[in-house]
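Both complexes shown next keep subunit A, but they swap its partner, so subunit B is in the first and subunit C is in the second.
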Partner chain A sequence: MPDSIPQKRHKSPIIPYRLRRRLAPYGFLSPFLLLFAVFLIYPLIRSILMAFTQSYGPQATVFVGLENFKFLFKDSQFWRAFVNTVYFAIGAVSIQLPLSLFLALILNQRIPGRNLLRFAFFVPYLVGPVFVGIIFTLFYTPRYGLFNQTIDFLFGFGLDTRWLTNEYLVMPAIIIAATWTIVGFYMIFFLAALQSIRKELLEAAEVDGAGTLRRLWHITLPGIKPVTVFILVTSTIGAFKLFELPYILLKQNSGPNDSALTIVMYLFQTGFESGDLGYASAIGWVLVAFVVAVSYAQIRLTRTFREDA
Partner chain B sequence: MDERFPFGTILLVFMLTALASGLTLFDRESTDDSRVLTVASFAKIHLLSYEPLLQQFEAEHPGVKVKLELVESRALTQRVFSSFMSGVPGPDVVEIEITHIGRFFSGPLESIGFVDLTDRLHQSGLYDEFVPAKFQAWSNRGRIFGLPRDISPVALLYQPEAFAESGIDPQSIETWDDFYEAGKKLTRDLDGDGLIDQYAIELSDTISDDFHILLLQRGLDYFTPEYKPRLEEDIFIDTLAMYLKMAAGPDRIGAPLPNLVASAQAIRDRYIVSHLGADWRLGGFRMETPALAGLLRLMPLPAWEPGGRRTSTWGGTMMGICKSSPMQKEAWDFLKMIYTSREALLTTYRYTALTPPARFTWDAPEFDQPDPFIGGQKSGRFFIKLAPDVPARVKNPFSYMADQTMHQVIVRSCRRVHEEGYDRVRIIAAEELHRAAKHIEQRMERNPFL
Partner chain C sequence: MSLKHRIALIFATTLVLFAACLTLLPFLWLLCASVKSNDDLFMYSFLPHNGQAWWDVEWNRLTLFNFKRLFSEFGFHRYAINSIFVSSTQTCLVVLFSSMGGFALAKYRFRGIHLIVTAMLVSMVIPGEVLLGPTYELLYKFGWLDSYKALIIPGSVSVFAMFLYRQSMLSVPNDLLDAARVDGCSEFGIYAEIVMRACKPMTGAIVLMTFMASWNAFLWPQIVLQSRENYTLPIILAQMISLYWSEYGIVMAGTVISIFPVMILFFILQKEFVGGLLSGAVKS
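On to the complex of A and B.
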């Protein structure tokens, strides 16, 4: 093997070896960098520029400075979408996180059919929000849907409940559908985290007389904190990007009295239905700023990624 | 290999693959593609009706091949819209559904991405074959950019047995006031549990589509052709007030169908016993819910005043030519062939029940065939009689926003009627329409190009 190296050096390559070594990483990276630049960097820069313009058809675009942002802050529909999105984010995250942890704690025990149950809870995530939207449209059908039929069977009322056309029920209906979709996915993260907790710690605590709740509070929860924060941040970001589910559930509408209009739906409507791409870009960048701020606040408040944590 | 290509075999393979892919695309550009006339539609039935004509068309246009593309409606709209915005060529001929057409009329007239067909239509004499009102939705600033694929007249589909049981003779209903009085008898609690089991008419209290049909019947749309909102006109307010009386509050006579899937069951259960129905809706019922056969009948819409218009319009599709097409002449020839082919137009009718837009087909004997689905009534002839009276629709870049705003007007007004009572129904209608008009005007004022 050592003999082969000097042999190669005798030949004179087209590109000198040193230069080759320097260039090689860039060669490997170049396909990615090219695609990244074309499909991510360029659109991002373009959308920033567009946020300061107003377009009216393909050939009429004018620079309007901060007008889009000024209008956005007094646009009642944007704020309606903002409130709805925050409502969904708080509602969904505060239900999904504990529920997925609860499921993970249960399915981390040695119970019969554990693997089947894990798969059953995870599988809705695989089918995607469009399919879930269609299924839940049928579930929520007044009078004839499974949901109302079940409620009526159990409690004797609610057969005509209009989940998707009542402005006060539509967001809870979306939260229920979203929870059904995502809770199994988060459960898998929690399961992985629970399995990484050292058993000796739990056993030692048990020997010292700590009950189930104490062990959960003092060992399990601190042990899975990084995963919890990760899920908290990603689920919050996911919640702020909510689009497909209400879009399908409500047949491309924003719900009664805009009660299910989310920021991304409003962005889509503005950009692609009304053709106001500049204003849609402004909405997008305000959403980005807000999501970054919320995520940063969550990480800071939970103090997860500090070195001394 | 290492010696000749210093960055490794894998990278070489990647690069060669990329190069080969690029060459393939390049090669495709250089082939016969420029002589392919692409016709894109969201309606499979439309494309099926064009197929028998392709051989003749290609024979008359040597070297031209017609490619029919089926694309989902929203996807097609987005694709065409994106192609206009980016300047990238799209299909040559395209069908666009009326909900989406307004956005294509943004900007200066010359920047609209569809070919202006006004002069061609007049010179060819094709214009005179259509109901003039049907061009309005596809026109902007006096120029026509598309040909209507349909007329979509609206009638009332009703359940004769339910009417008879309530002692209502449909022939006696001439106006909406008559219908409202009849509706009070038709809307019933059948089992005495205090809940209404049967509503007179399908009317939504969350979206504005049904209201829009009734508004159009009065010859009014959300905008004038000059983009002026009409929401605060007295006739608009009166129409909404009447709609609210029928669709909102504790004594309403209308209710929405649960959804498309459950609608057949709800109709069979007589949850709702009459429906606003365009010709295509009857066709849809016939095709998708054969269990409803024999249950429904057709009658003209009640008029707003004695002797008034007995129909409206609902939905619609246009066929247009994209300006980016390098084959505009061939595209126009294709359109002419479609619209002058009795067979193509009647094929669409056979599949969909869409009344053909060209008058020269209206004498076809198949329109006089009894329709067993509606108890032997001649549905084809029935809709053709209504066709000349269909009202015009106005579409502009703000139509989508106006539609969304009107949905909210319906929701808020219905809720307020429930809370504040029927005595205030006109005040509620006026207040909500004023609010909506301000919203629309505020958004239109933002536009520096108007």
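On to the complex of A and C.
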């Protein structure tokens, strides 16, 4: 029996070796490519076409030309959603970015238990947005919720604040919950960037008499700039896709006076609650255009910054 | 280290320590809420205690009643099993398809490779929200709506995972593969025996990323699922918090169970996860 094994190996194969090697990559790629074509390329093209139609559920579809986009620009609810989303994006990014950088700067120092601390900030990232929404729903309960109790304990006011029913407090409440989940995630990237800065550079600057702040400004911050731009762009894109958190916090609603209606929530409502997939696709493409434009602007602006400096 | 520096560091450390406690507070609170009766839930911030002394905890008032009711009245095991099945299947498919694809792109030169890579990069830039409508329509035509297939199959193609695999496979030396070929190893054997073994850390990272995304997914399941018996955990809990809003204890118990599996997986795979995460961001 043992003799039969090497014999099998040397048997001439049905497909010659060279051909086999040339065909192999297609074989490896085919399952991925099939799914890629069916569930990414096809829907992408179809979605462009759908943006020019109006539909009532997936069956009845009418071509309407540019009507969807014309309507969109006059649709006050869409603009409400747009303004809310931009508000969230600016608020969330301008808090999360400095905060995560600050945490990373401190947790990059040799302080006791820093691995444990890093872990503590990262853990909320593992909790899905729906579960975060559920936890914070109870957190924000006026009088009995822990959030107001903590604020009352620390500052002596705000026990009765109605975070989720006051139209001006809804967005700040959402920003706080979102910050809780994501800050540790960005912190990890900043930490990796900080560790890649060469130690000799910092030591040389110290020898030359540069203080902590000057070293931070002239060596550390320029050194982590690529990662900062990456986080800036990623967090902005993520912020524009806000949906689950407000949707759960406001019990599958858009909040008082549509104050927590986001672009994706509006897309979901028009496409899957009212059944107009065409209009939803149009909203989707406006979102794409906006996200691409903002990311491009962020990358360009940060680049000119570097040339000046 | 100067004295000034040291004082600043101590101050900053205290601040961060305080912030870390605040960050972990919701978890502690969630755990406490899940073992309190409905009467005690809002009476006490954390655990039921005697009068003003919070350390004098009345342990006998704690209860597993919420967990019991969750399974007996709400049939929670059904949704947990759905979630486990959907997330694990999807994770296996993503690992299989994207590693095979990544292998082809990393270790072979062939016609059409540039076109494929460009198409994938473009698809990565475009937010998935525009795909919701057409994919829904497609699954309607397939007759797949309201099924596990609708949850698993469209999500089993991950361009991001494929690029991560490609990147980590590039570092496997070609000489090793050629040596295996000379020894009579088949192309699939090279993929399965050599390359996949060398990329184990990346597989760990991708397993966690995919499982987490699938486990926590809400928007897509909310769109395609209709019948209750197909619901995943986020869907049923979202419904519970919106409809049974007085039964907070039960919802909290459900949330505790739902966030548990991802945490365990993270504990097992944390090194691989962080490594994979950073290699995707910093290098590319």
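Methods note: the second predicted complex is superposed on the first by the 276 of 309 C-alpha atoms of A that agree within 3 Å, B and C clash if a C-alpha of one lies under 4 Å from a C-alpha of the other, contacts with A are read in each partner's own complex, and residues count from 1 in each chain.
One rule holds in what follows: a residue touches a chain if its C-beta (ideal position, glycine included) is under 8 Å from a C-beta of that chain, and two chains touch if they have at least 3 such contacts.
Just so you know, these numbers come straight off a predicted model, no measurement behind them.
Q: Subunit A superposed: clash or fit between subunit B and subunit C?
A: clash
Q: Please indicate which partner A:199 is in contact with in the superposed arrangement: first for subunit B, second for subunit C, both, or neither.
A: neither
Q: Could you say whether A:254 touches subunit B, subunit C, both of them, or neither, answering first, second, both or neither?
A: Touch status of A:254: first partner only.
Q: Pick one for A:128: touches subunit B only (first), subunit C only (second), both, or neither.
A: Second partner only, subunit C.
Q: Where does A:139 make contact in the superposed view: on subunit B (first), on subunit C (second), on both, or on neither?
A: A:139: touches subunit C, not subunit B.
Q: When the two structures are overlaid on chain A, which partner does A:120 contact: first (subunit B), second (subunit C), both, or neither?
A: A:120 contacts subunit C only, not subunit B.
Q: Taking the superposition on A as described, I'd like to know which of subunit B and subunit C A:111 touches: first, second, both or neither.
A: Second partner only, subunit C.
Q: Just to be sure I read the superposition right, which of the two partners does A:60 touch: subunit B = first, subunit C = second, or both, or neither?
A: In the superposition, A:60 touches subunit B alone.
Q: As a test of reading the superposition: which chain, subunit B or subunit C, is in touch with more residues of subunit A?
A: C
Q: Please indicate which partner A:20 is in contact with in the superposed arrangement: first for subunit B, second for subunit C, both, or neither.
A: In the superposition, A:20 touches subunit B and subunit C alike.
Q: Of the stretches 78-86, 204-212, 222-230 or 258-266, which one in subunit C hits subunit B?
A: After superposing on chain A, the clashing stretch of subunit C is 222-230.
Q: Which parts of subunit A are touched by subunit B and by subunit C alike?
A: Residues 20, 24, 27-28, 31, 58, 137-138, 141, 144, 252, 272, 277, which sit in both footprints.
Q: Which part of subunit A faces subunit B closely enough to touch in the complex?
A: 11, 13-15, 20, 23-24, 27-28, 31, 54-60, 62, 64, 67, 71, 137-138, 141-145, 160, 165, 167, 252-254, 256-258, 269, 272-275, 277
Q: For the complex, which residues does subunit B have touching subunit A?
A: Touch residues, subunit B against subunit A: 3-4, 6-8, 11, 14, 18, 74, 78, 81, 84-87, 100, 103, 105-108, 111-113, 195, 205-207, 256, 258-259, 261-262, 265-266, 271, 397-398, 400-401, 404, 407-408, 411-412, 415, 446-449.
Q: Mind listing the subunit C positions that touch subunit A in their complex?
A: The touching residues are 5, 8-9, 12-13, 15-17, 19-20, 22-27, 29-30, 33, 42, 45, 96-98, 100-101, 103-105, 107-108, 110, 113, 116, 119-120, 123, 125-127, 129-138, 140-141, 153-154, 156-157, 159, 162, 184, 187-188, 191, 212, 215-219, 222-223, 234, 237-238, 241-242, 245, 248, 251-252, 255, 258-259, 262-263, 266, 274, 277-278, 281-282.
Q: Touching subunit C in the complex: which residues of subunit A?
A: Touching subunit C: residues 9-10, 20-22, 24-29, 31-33, 35-36, 38-44, 46-47, 50, 58, 103, 106-107, 109, 111, 117, 120-121, 123-124, 126-131, 133-139, 141, 144, 146, 149-150, 180, 184, 188-189, 192-193, 196, 212, 226-227, 230, 237, 240-241, 243-244, 247-248, 251-252, 264, 267-268, 271-272, 277-278, 280-281, 284-285, 287-288, 291-292 of subunit A.
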